[in-house]
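You will see two complexes here that share chain A, one where it goes with chain B and one where it goes with chain C.
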Partner chain A sequence: MATLTINNAGKKYGSVEVLNDISMELNDGELVVLLGSSGCGKSTLLNMIAGLESISSGDIRIDGEIVNDIHPKNRDIAMVFQSYALYPNMTVAKNISFGLEMRGVEKEKRDELVNSVAKMLQIDHLLNRKPAQLSGGQRQRVAMGRALVRRPKIFLFDEPLSNLDAKLRVEMRHEIKKLHTSLKATMVYVTHDQIEAMTLADRIAILKGGVVQQFATPAEIYSRPANMFVAGFVGSPSMNFLPVTVAQQGNEIGVHLAVQYQGKSENQFVPMRNNDKLSQLLGREVILGIRPEMITQLENAEKDLATLHCDVEVVEPTGADTLCIIKLAGKDSIARVSPIHACAPGESMGFALDISRACLFDPVTEELIS
Partner chain B sequence: MANRDRLPGTDGKGRYIGRFLIYLTLAVFAIWYLAPLYVVVSTSFKDLAEIRGGALLSLPHEFNVSAWHKAWSQACIGVECTGLKPYFINSISMSVPAVLISTFLGSITGYALTKYRFRGANIIFSLMLFGCFIPFQVVILPMAQTLGMLGIANTVNGLILVHVVYGLGFTTLFFRNYYVSIPDDLVKAATIDGAGFFRIYWRIMLPLSPPIIVVTIIWQFTQIWNDFLFGASFTTGGAQPLTVALNNLINTTTGVKHYNIDMAAALIAAAPTLFVYIVAGRYFVRGLTAGSVKG
Partner chain C sequence: MLDRLAERLPQIVVAPSFLLILVFVYGFIIWTGYVSFTKSKMLPVYKLDGLRQYTRLFSMDRWDVAYSNLFVFASLFIIVAIIIGCLLAVLLDQHIRAEGALRTIYLYPMAISFIVTGTAWKWMLNPSLGLEAYFQSLGWESFSFNWIVDKDMSIYVVVIAAVWQASGFVMALFLSALRSVDQEIIKAAYLDGASNTRIYMGIILPSMRPVFLSAFVILSHLAIKSFDLVVALTGGGPGYASTLPANFMYEMTFRRNQIGIGAASAMMMLATVAAIMIPYLYSELRGKKNG
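== the complex of A and B ==
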């Protein structure tokens, strides 16, 4: 049970800056996911928290105490690795108890702790096996057991599910979530999978090029992404970005959208709400970010939504929903419709646009405007 | 499908002729290489009269081990007629510690070079690698001076030091390349678990090392046991290793040349390395290729 504070932390290898001025604060019992594509520095940050990499600037505190120069073993943390990093020469029981043994815990106490953790993770029948005799999922459990048995202040997970197959990954994701709920431990979890991040996290920190792009709850990151990178990274299929100009029609402010309808390009005006903010943007070019589920079939849609008719180029059924690819503002955009209402490719159909939830981005800085 | 679609030589007469030529060539080469061994072994069991008869390739008339006996305990080496026995013991008491120490040091150096990538680790490794390519002859003079200064010239301990120092480059190379294939995450996990440099070495790295230990021991034992130059350069008389004694035995002649004793002595000198190969040989190839495949 602990808090973790990162103050202006940076990491340099020679003159190459890998992490730049990272600051975040984790409350007691919070699960924070570091999300980013490979090479963004998320694993480096995790290693810095663990003490496996030195901190070039700034400081990292656990429970308020600066740990920059404290050896990993004295930081009271545990880490689960992507490769599991089980000791191949030891049995499962020895693997789990190794950390306790190094800390001088007595044999009887060790056995007791190992047994209780093994039971919790349902690996108690595997205790005498070697890691090579285990399946991927079992190895993952042992790796988690090794972390759990010491009851550390902070748990660190380095892409723990990346080596598992899709089905097992979902199962283990649930396990980790349950574990976090029952332990109420502070956890830092690194992943490049945005679904893992969204489902597990209390808060997500999205990194790109060694800089935190946004540090917020999953809901906020999804609905109000700080910039186009975040908006495009989170959500699947990803957000549609449409270059548009803010315009006025009558006393309504909105955007003009070029729509492909029956082979011809039509310009359609889509009114937007909260006119006050938008009035300052009149005439400016902006990027309209709209998620696929905000473009749905006209049928059963709420009355006050903007409507469009356009040609559907490609239809991709995914089971629960069908994705229609349509041309909006000259860009291929994805609409998510119910399979019953989806038309055949090449035909045209009506869509409802929930523009009130859409985001506007600055085309130059790519930052969120409103 | 027509025959012309098949690979050439897989069908018809051509195939048998081809096979025959291949096996004939192999047999000729096998005989070519095995003939000297055969001559050495058979001569060692002959008595002198039979050798003088001149039938070099014939089998011994009767199985006679007296030449082995003489080579071991009676043959004259220089003026001392002690046989090879004391020198055999010299060689054992030189090779065993030298092999074990150089293997252990190579292992711990390889571990430090791969898992604790300190500043300059690569330079140190390159320099050690460079040490593998320095010819023996280059180090003889400085090494003689060093041994003199340390007061261990003309002793078995001096030879142990020489072989440990000279072998370190090779053993480090072996262990370093093996440890590179062991994931760094293991060391990270153990560090977080609270184990230090030596604990990780004893509890994790060393238990994973048997294949490469076997390779290194075979390599080092063969090198050290068979070494002649260092033994001849740094020792005289009673401290000499077996290889030097063998040379002296063969060069010490009083009238008649005892080929049977020479041959038996040569076989005695070669026996330990053969023994090590037979016992540990099957690990050798396995260990040499380990690391190329993760496992």
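== the complex of A and C ==
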């Protein structure tokens, strides 16, 4: 049970700046996911929290106490690694109890703790095996057991599921979530998988090039992404970005969208709601960010949505939904429709646009406007 | 036609060396084995004579000394070289500065022939030329280090020189293995609160069993065929106190016109090597099949 505070932390390798001015605050019992593409410095930040890498600038506090110069073993932190990092020459039981042994816990107490953790993770029948004799999923559980048995203040996970197959990954994800709910421990979880991040996190910190792009709840990151990088990174299929100009028609403010309808290019006006902010943007070019599920079939759609008719170029059934690729503002855009209403490729159909949930970005700075 | 040629090309390319090995290695092993059962003296004769050469061999004190020297030398050499090489590797693994230079320095002895090593160490250990004379000239009159002329100690001098030569190589072997250990395991052990010593002794070194095995095999074959080192360092002396079986074999076959005894001693060496290598190869190959 602990809080973790990172104040303006930076990391440099020689003259290379890997992390720049990272600040975030984790409440007691919160699970924060660090999300970002490969090489953006996620593992480096995690290692700095654990004490395995030095901190070049700023500070990291656990329960308010600065830990910059505290040895890793005294920070009371446990970490689960991507490669599991099990000790190859020790049995599962020994692997789990090693940290306790190093901390001088007595043999009987150790055995008791190991057994209870093994039972919780359903690996009690594997205790006498060596890591080489385990499957990937079982190794993963042992690695978690090793972290859990010590009851540390903070858990760190470095892409713990990325070596598992898709099905097992989903299962383990649920278990980690359950574990977090029952332990109510403070956790930092690193991943480059946005679905993992969305499903697990209390809050997500999105990193790019060593800078935090947004630190917010999954819902907020999804609906109000701070910039186009965040918007494109989260959500699958990813958000459509349409270059449009803000215009006025009658007393309504909206955007002009070029669509392809029956082989011809047409300009359609889509009115937008929150007028006060938009009126300042009149005549300006902006990027309209609209998620695939905000473009659906006309049937069963709410009455007051904007409508569009256009040609469908490609149809991709995914099972639950069918993805239609249409041309909006000259860009291939994805619409998500229900399979019964999807038309054949080359035909045209009507779409309803839930434009009120769309985002507008500045085309130069790529920041969210509204 | 060309197709057939292309198909056979690998066999054709390998055939000459295969034939050469067949004749000059295995052929001569058989020949030596045969000769060891004859009365050959200066020239080989081919009339079988039973085990007489072996009984003569085993009754020679010279062979006893050489054969037991082999065990003293080989076991000390292997153990000490592995321990020192391992220590050096662990020390170098601490990411110290000038690691590249140090690594090269340690590795260099391996590039020198045993003759040079032997001669250099002979000079250094010679009581009237080397270390002993040097320390005495500095005023440490009572200093004495005369193992090289001591009948009971001279084999240990051979061990010292051989260890000096080989431990750098063992270090390189271990260092590369240390470097290939998953860094995350070391990090995990750190977080678990293990000390540096504990991490090496308890986790890293035990996971390097294959490297110990290859170091052992390489060093044991170096030990068994050690010949030139003894020739250059002690000349087998004083007397024959530091001879090894290879020196014995050479002495008998080429200098004393006792080809029969020489051949018998060679067969004993082969048997010794086989006793070590066959279990090793067996376990390796069986491991392959299981894995």
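Observations on the structure shown:
Operating definition for what follows: the second predicted complex is superposed on the first by the 370 of 370 C-alpha atoms of A that agree within 3 Å, B and C clash if a C-alpha of one lies under 4 Å from a C-alpha of the other, contacts with A are read in each partner's own complex, and residues count from 1 in each chain.
The rule is short, and it goes like this: a contact is a pair of C-beta atoms (placed from the backbone, for glycine too) under 8 Å apart; a residue touches a chain by one contact, two chains touch by 3 or more.
Fair warning: this is a prediction, and the values are worked out from it, not measured in the lab.
With the two structures aligned on chain A, chain B clashes with chain C.
Once the two complexes are laid over each other on the shared chain, residue contacts for A:Gly263 go to neither chain B nor chain C.
By the touch criterion stated above, A:Gly250 is placed in contact with neither chain B nor chain C. Shared interface residues of chain A (contacting chain B in one complex, chain C in the other): 47, 50, 52, 72-73, 77-79, 81-83, 85, 87-89, 98-99, 102-103, 146. Chain A meets chain C in the complex at residues 47, 50, 52, 72-73, 77-79, 81-83, 85-90, 98-99, 102-103, 146.
The part of chain C that touches chain A in the complex is made up of residues 182, 184-185, 187-194, 198, 202-203, 206-207. Residue ranges of chain B in contact with chain A, taken from their complex: 183, 185-186, 188-195, 199, 203-204, 207-208.
Of all residues in chain A, those touching chain B in their complex are 47, 50-52, 72-73, 77-79, 81-83, 85, 87-89, 98-99, 102-103, 146.
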